[in-house]
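Each structure below appears as structure tokens.
Next come two complexes, and both contain chain A; in the first it sits with chain B, in the second with chain C.
On to the complex of A and B.
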């Protein structure tokens, strides 16, 4: 440290002398470079003032007492700036560290979601999920078994950001341990509820809708844990119907039972699952109504499922000036044959 | 986006009057008020929501937290004065099955 101070002293002295000699732009540019070095060496503003004073006193021997004393005032004033600067430094370092941790975590989280698309002739599937921040509190799932049953789910952890994201991974891991319940939506939610109830904060909860399409009887079977109701679109009647389902949110009470519901799917019919990030979109300060979402789906319903969800997300994002307030997930499963 | 909290404490019953919005910004303020009350043994905690027009999911979580705390302290939680929108939220989430809820102007005098 003493060496550093010594060399800084020398540098500063050379710089100042040069400037006082010829007042060149070059010396001023040097000063800018010097300030960067000072910051790298963690020198505070008041240390700079004091350095300036020492050097100046050496160069100009006959300084008046007033000039010298006036620097005491400047020094004191700079101490405040110095404190603020150091705080800023330490915050910036922490921020960088957090950012990089978050980026890694977000990448890990993405790897929890299914990556391979469903390639079945029987259904057309599309999903979009976009977090409001880096990490998401929304979870979605899709998978099919050897009998071409297609399971789909959307879960929404309250809040957003890291706590929500951590709970979201809990759902994913718990789902992985329950493959035998993929065809029993109510029982699946009951098991998930027990896991969540044991492992979640008192004022947190998760809503979830899980269902599967059974290609043998062309029915969609589902259960809901307090989740924003999805929709089913009936092509023949050209009508949307709510996928209503009663059930308590996950994580509130130990022993909850969830009822199974089922709905027939004809060719061309599709189910829509969503998170409340979709319905909590505020456009011009007003919440978007479910009717408006239905209208958007209707406008795009001739498109493939993935196109529909992409277009709706784009429209809603644009309507909110590209500032998502909540994590957003929208999933569509259509019976093709 | 503000939340005003008024408290009427009594020997058997504490009444909390809320007005404004219970959302991610005001939730922690509400929690600070509700939780200590919910932790009091053998009491009735009544929350009057007639002045509330909006609750988001974080806000709902605070009521769940309060419910769990009252269960531990052998107390009860009751929500009164819910408007249609707020009531619907409790219905969708199934919380109306586990929390004692009285809609509209069934407000009691403390």
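On to the complex of A and C.
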């Protein structure tokens, strides 16, 4: 400590002497670099003022008393800046700590999502889900049973950040407790609604679409709780159709029933589920139209499902200069045989 | 010889008097000008809090010694309303001045040792010491 103070004193003295001698830009540049060193050594503004004053007193002869005394005022004023500087440092440390806690939480959240790929010859599946911040308010699900029924879901918590993320994990746990309803979309949503209604704040809602592909009759059965409608692509007619479905968002009212809908899937047909983070992407200040999303899917539809969702995400992310405003989830399930 | 000064705080004059007494003793003990300014700022903040929140109280300033170290000890006492949420008050950014680094967390930073003892409706005693290096 004493040593560094001494060497700082020497360095500062040389610098100031040089400058007073030739007033060169070079010396000023040196001072700028030196300020970084001082900050690294945790020197506060008031210490810097004091250093300047003592060096100056040594090299300038016959300083008037007024000049010397004027530094008292400067020093006193600098104490406040020094405190603000210290506070800034401690807040920065705190911020780092919060950030790393969030990173851990985000990793935990990720582990709630399915990780194994669907390895069935009957379907081709792809999903991408990217949070706008660290934690996501979107949830997706996919799973298949021994009869090769493939269930898929996308849910979107209205709200952002940590509270949304916490509600998202609730959906996951609730889903786990309802395996019998996997082939009854409406009943599944009805049960989820009861859990959500009981457990989340009045001002939070969740929208969700759940459906499953039944390989015995080649149909996609689904139900919706106020969720952004998905699409189905019919290869034969080369047309996209909305997966419309009526149903109240989860968490508003205790006893709600949800209607089951179904749609035929021929070979090559695929369903698309999404969260409103996809449709609320803003390109050139305007919300993207569903037609535009359809066009993008159309452009990539020859690719495997995972490629399609990855490409669309990349394109939309890029169009928004790599800044997501909302959590983004896009899922595609295609009938292969 | 133990030097000890008491200053009553019931107006801004008292705050200035406490600063003056603190600076004088700090200088006598051997603190440099930067530390003198820091100690004075700490006294200011404590005295101002007494004046603002408890109306009146006392600042006691004395020399401190411990294990061969010398320092200055400030004790701010009042019989005011007490501090409700001490833990929050000690968080950065909580002060009404809106996080300019001052207030009680600032005092803690300016000094080496810091202790608050406060009871609602009874009063507050804050002790802070800075050691000479």
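In this text, the second predicted complex is superposed on the first by the 269 of 337 C-alpha atoms of A that agree within 3 Å, B and C clash if a C-alpha of one lies under 4 Å from a C-alpha of the other, contacts with A are read in each partner's own complex, and residues count from 1 in each chain.
We take it that a residue touches a chain if its C-beta (ideal position, glycine included) is under 8 Å from a C-beta of that chain, and two chains touch if they have at least 3 such contacts.
Quick caveat: nothing in here was measured; it's all calculated off a predicted structure.
Of the two partner chains placed by superposition, only chain C is touched by A:94; chain B is not. In the superposition on chain A, contact of A:246 is made with chain B only, not with chain C. Of the two partner chains placed by the overlay, neither chain B nor chain C lies in contact with A:108.
In the superposed model, A:68 makes contact with neither chain B nor chain C.
Shared-chain residue A:267: touches no atom of chain B or chain C. Of the two partner chains placed by the overlay, only chain C lies in contact with A:50; chain B stays clear of it. By the touch criterion stated above, A:31 is placed in contact with neither chain B nor chain C. Residue overlap on chain A between its contacts with chain B in one complex and with chain C in the other: absent.
Here chain B touches chain A in the complex through residues 24, 31, 56-58, 60-62, 64-65, 67-69, 92-95, 97-98, going by the rule given at the top.
Contact residues of chain A toward chain C in the complex are 1, 46-47, 50, 53, 72, 75-76, 79-80, 82-88, 90-91, 94. Every residue of chain A that touches chain B in the complex is listed here, in rising order: 156, 158-159, 201-205, 207, 225-229, 246-249, 251-253, 276, 280. Interface residues of chain C facing chain A in the complex, by the touch rule stated above, are 32-34, 37-38, 40-41, 92-93, 99-102, 105-106, 109-110, 133.
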